[in-house]
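First comes the structure, then the notes that go with it.
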Amino acid sequence: MTTMAQVTNATGMHEPSYALHVEDLTASYSGSAVLWDVDLNVPPGVLAAIVGPNGAGKSTLLKCVIGAVRPAAGHVYVFGRPYRRQRHRVAYVPQRTSVDWDFPTTALDVVTMGLYGRLGWLRQPRRRETDEALEALAMVGMDAYGERQISQLSGGQQQRVFLARALVQDADLYLMDEPFAGVDATTERAIVELLKDLRGRGKTVVAVHHDLQTVSTYFDWLALLNVRLIAQGPVREVYTAEHLRAAYGPRVVLLNAGAEQPGSAAAAPAAVDAGERRAPPLD
Amino acid sequence: MNVLQAWLDQPGVTIVLVGTLVGVAASLLGTFLVLRRESMLSDAISHSVLLGIVVVYLLTGTLDTPLHVVGAALAGLATVWLTDVLVRSRRVKSDAAIGLVFPALFAVAVLLINLYARDVHLDTDAVLLGEIAFAWLDVVRVGALEVARSLVTMLVVTLVNLAFVVLLYKELKLATFDPQLAAALGLRPALLGYALLGLVSVSAVGAFDAVGAILFVAFVIVPPTAAYLLTDRLWRMLTLGCLIAVGSSLGGYAFARAYDVSIGGAMASATGVFLLLALLLGKHGVLARAWRRRSPTAPPFAELGAEGRP
Amino acid sequence: MELFALLGDFTVRTVAIGAALVGVVAGALGSFALLRQQSLLGDALSHAALPGVCLGFLLAGSRQLEPILAGALVSGALAALLVMVLTRATRVKTDAALGVSLSLFFAVGTVLLTYVQRHQGAAQAGLDAFLFGQAAALVPRDLTVIGIVAAVSLCIVLLGWKELKVTTFDADFARSLGRPVVAIEFVLTVLIAVAVVIGLQLVGVILMVALVIAPAAAARQWATRLEGMVLLAALFGALSGVTGALISASVRGLATGPLIVLVASALVLVSLLVAPERGLLWQLAHATTQRRSLRAHRVLVDLYRLGQAHDDPSYPSEQGMLDAYFGGRTGHVLRRLQRRGLVERVEHMPEEGAHWVLTEGGREQARELLVPFGTREHDGGGLA
């Protein structure tokens, strides 16, 4: 147990040994809790998945980290400091459906947008920025599509453009909201390779994920969330029947038992039960 | 100098120049409004700025003050803010919120005129329809030149809008495309949004004398929409929008002279001609779409694009 | 009431009846527009009526209501068609399509208006009335026309109720039932155009949108079913119309149209605030209660964990300590919990300040809050 005296050390850092440290986070929409008293500690250099049923507050958690949702209570620290002061060390990959893909712009331009923070106000991107963006596109295997208007890309290609945009930010912590949602098999493999590469370079990734089947192959660290944090830690320790039942309800079908179509089999009952344990019972 | 003065003294030159400037000022901002799906806010703003003008008139007793710009900008921002409040209450959808706020503000403005400003030349007619034909009558001195007042006003407004769009091009682009990332990078998208709509309000006031509120809306929405059907690049959309606005001013003026009808109305109607052309022949027009459907060799834009949408 | 005594006056009565009729139709059909998130279609349709008004006048050669209404209806339908082509056949979004349609038709309308004014001489008197509305220009004959049109459109709504309802709620589902959805949507759009058009003379092109949206938006706050909403919206529409007309008649120089709009807006404001369940004031009270109970739960859990940390379930925690863990003042929360018998205040000498312990009931509730997920504390988790 941490006592208050240890919380802040002389350098003004707070739990600097964690890439992402979330403390007592509570968030609510019009009074009812979507996140309740969540404590999350992600060590640096891991590929972490946040997993839980629909409505468990996974995306809200990421949005609280980047300040897009204001929590009702609690704190967030990135490498020991509030997000506001660590903005340049964080790259956020939103859900693909969060933007208008008819927007008149090219894939290369979208990637360049990742550098706007570094450029600051008023300065326009130049040759150097374009080169960096091209390099990032190449890393996701999309360098041939730089001049394509973004609506002419497939869903998987769009996701890769988003990833390239995060790569170009050269962050230390990558926050990804459902990076595997609706992508083709090629892209899924490419993303997995990319994640491993990021880990190899000492980066930390925190991704919202919904496919229980692939969690243990793609990620090495897991947080189970259902409004409250159920469990967190290395995948081996957390990915247990007991924890999954706690997160998804007693009817969850266990996947590692060799079910043929685990994804759908697991998702269906989990979704049914999700509603039962959303918020703490309010009186 | 004399040559320039002689040129400017021709009513037609002043009228076309004012129309052109209104068109360029409007479609520069309109491009972003259309992409932000906030086009109808320009309609709302252009109506409710009347309230700002009336209130400033009632406070100062004159129509001849630059305070009108401030009043109008505040009224415009109030419209946007009230709409925002209604939407965030989650009791009405955003389209209904717009339709609730601006008629109420406009109605208040009309009643205030009814009650306190009966005898003044502040008729709602003029505000809504404008009369560009008389633009050259009201002149001011600028250095050695006598220039129409609305020409000077619109020149300033256009330059401000141009500077806003050019200097903050990348910020506006990101705030429009992905406000969440813009916020995460510290680029204040909400503030930019209010700045954009504030400039729309100011431009609306500047354009009142010339083309009136609703024709201003035509210049805000129609040229960018036509350009949107023609290109896939933002900067081209901005340029094409401005070119269409210029072309509409020229064409509209010629038409109005030929048939002796409202010049402002003709200019605004002319934007529609460009829109129809773009709708038929544009890269994203109906013919191109039909052609792509039929030809199997062309890249299946529509199908791939559809996948990316929610 | 003195205001209603004005109804004895012939002109006032004419205007009031007209306003009531317009209000009923606009309110009823506005409900559908609102629910289909097409509120601003009313705006586009009313502006788009202007060229039709002028054309109707040009063709008929006089200011008669029937050709003008017909013209307005046709141009409204064309504007709606333009919106449909832009949104369905291209990537242009709804807001831009509405704006395009609205401003272009209005622009053409002003061109035609000036043409009429300059080429048809003085005969144009009365066309301006359609721009801003001019209630006084309403004559009993107009009332008959408006009445018939209103009756017909309401009959269509009644006859097609089932279809309109299912299409409004879920167009895809309606299509799966084999309903001609496009045709139904077209009928609905024309009906909304009708509602707009019969109100133009009274309220004007600019403000007519409010009479379509406001009564429906107000009714939406009170009603939970479409039937109730449409009836209430019609009632609100009529109420706004009559009240606006009467106020206008009693205060010299106040235009009828804006007054009707303001009455309708006031109805919306009141409904937004006090309507049961959905009203913002109720919602505020509800949210406050919710927030309170959220806070109470957090304090209970904090106390419980402090007890666990000290291996003493009835460990007396200092209030200042609780404040620090909670991240804010806990005094009022603790006092409320005390009243419910979940915590007790104890004097914990020799230290100063209030100390609190969980009662048996409090411990039970805290355990309940934690139990579904196990009381497992994670590394670095706990209280910090």
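In this document, chain identifiers A, B and C correspond to the written order of the chains, with residue numbering beginning at 1 in each.
One rule holds for everything that comes next: contacts are C-beta pairs under 8 Å (C-beta built on N, C-alpha and C of every residue); 3 or more make two chains touch, one makes a residue touch a chain.
Only a predicted model underlies this, so the values are computations on that prediction, with no experimental measurement involved.
Enquirer: Among the chains here, which has the CA centroid at the largest distance from chain C's centroid?
Expert: Farthest from chain C by mean C-alpha position: A.
Enquirer: Of the chains shown, whose Cα centre falls closest to the middle of all protein Cα atoms?
Expert: C
Enquirer: Please compute the C-alpha centroid of chain A, do the same for chain C, then give the distance between them in whole Å.
Expert: That gives a centre separation of 37 Å.
Enquirer: Report the inter-centroid distance (CA atoms only) between chain A and chain B in whole Å.
Expert: Each chain's C-alpha centroid was found; their separation is 40 Å.
Enquirer: Rounded to the nearest whole Å, what is the centre-to-centre distance of chain B and chain C, using the mean of the C-alpha atoms as each centre?
Expert: Here the centre of chain C sits 27 Å away from the centre of chain B.
Enquirer: Two or more other chains touching the same residue: where does that happen in chain A?
Expert: Residues 30, 102, 151 of chain A each touch two or more of the other chains.
Enquirer: Among the residues of chain C, pick out those that touch two or more other chains and give their numbers.
Expert: 91
Enquirer: Would you pick out the residues of chain B that each touch at least 2 other chains?
Expert: As it turns out, chain B has residues touching two or more other chains at 37, 228.
Enquirer: Note which residues of chain A are touching chain C in the complex, please.
Expert: Contact set of chain A toward chain C: 1-4, 7, 15, 18, 21, 23-24, 26, 28, 30-33, 37, 39, 41, 72-75, 102, 151, 226, 228-233, 246, 277, 280-283.
Enquirer: Would you mind writing out the residues of chain C in touch with chain A in their complex?
Expert: Its residues touching chain A are 91, 283, 286-287, 289-291, 293-294, 297-298, 301, 309, 321, 324-328, 368-369, 372-374, 376, 378-384.
Enquirer: Applying the document's contact rule, which stretches of chain A touch chain B when the two form their complex?
Expert: 30, 66-68, 87, 90, 92, 94, 96-106, 110, 113-114, 116-117, 119, 121-122, 124-125, 149-155, 158, 165, 182
Enquirer: Mind listing the chain C positions that touch chain B in their complex?
Expert: Against chain B, chain C makes touches at 34, 37-40, 42-43, 47, 85-86, 89-100, 102-104, 106-115, 118-119, 128, 131-132, 206-207, 209-210, 212-214, 217, 220-221, 253-255, 257-259, 261-262, 265, 268, 272, 278, 280.
Enquirer: Can you list the chain B residues touching chain C in their complex?
Expert: Residue list for chain B touching chain C: 34, 37-40, 42-43, 47, 86, 89, 91-93, 95-96, 98-100, 103-104, 106-108, 110-111, 114-115, 118, 124-125, 128-129, 214-215, 217-218, 220-222, 224-225, 228-229, 256, 259-262, 264-266, 268-269, 271-272, 275, 279, 284-286, 289.
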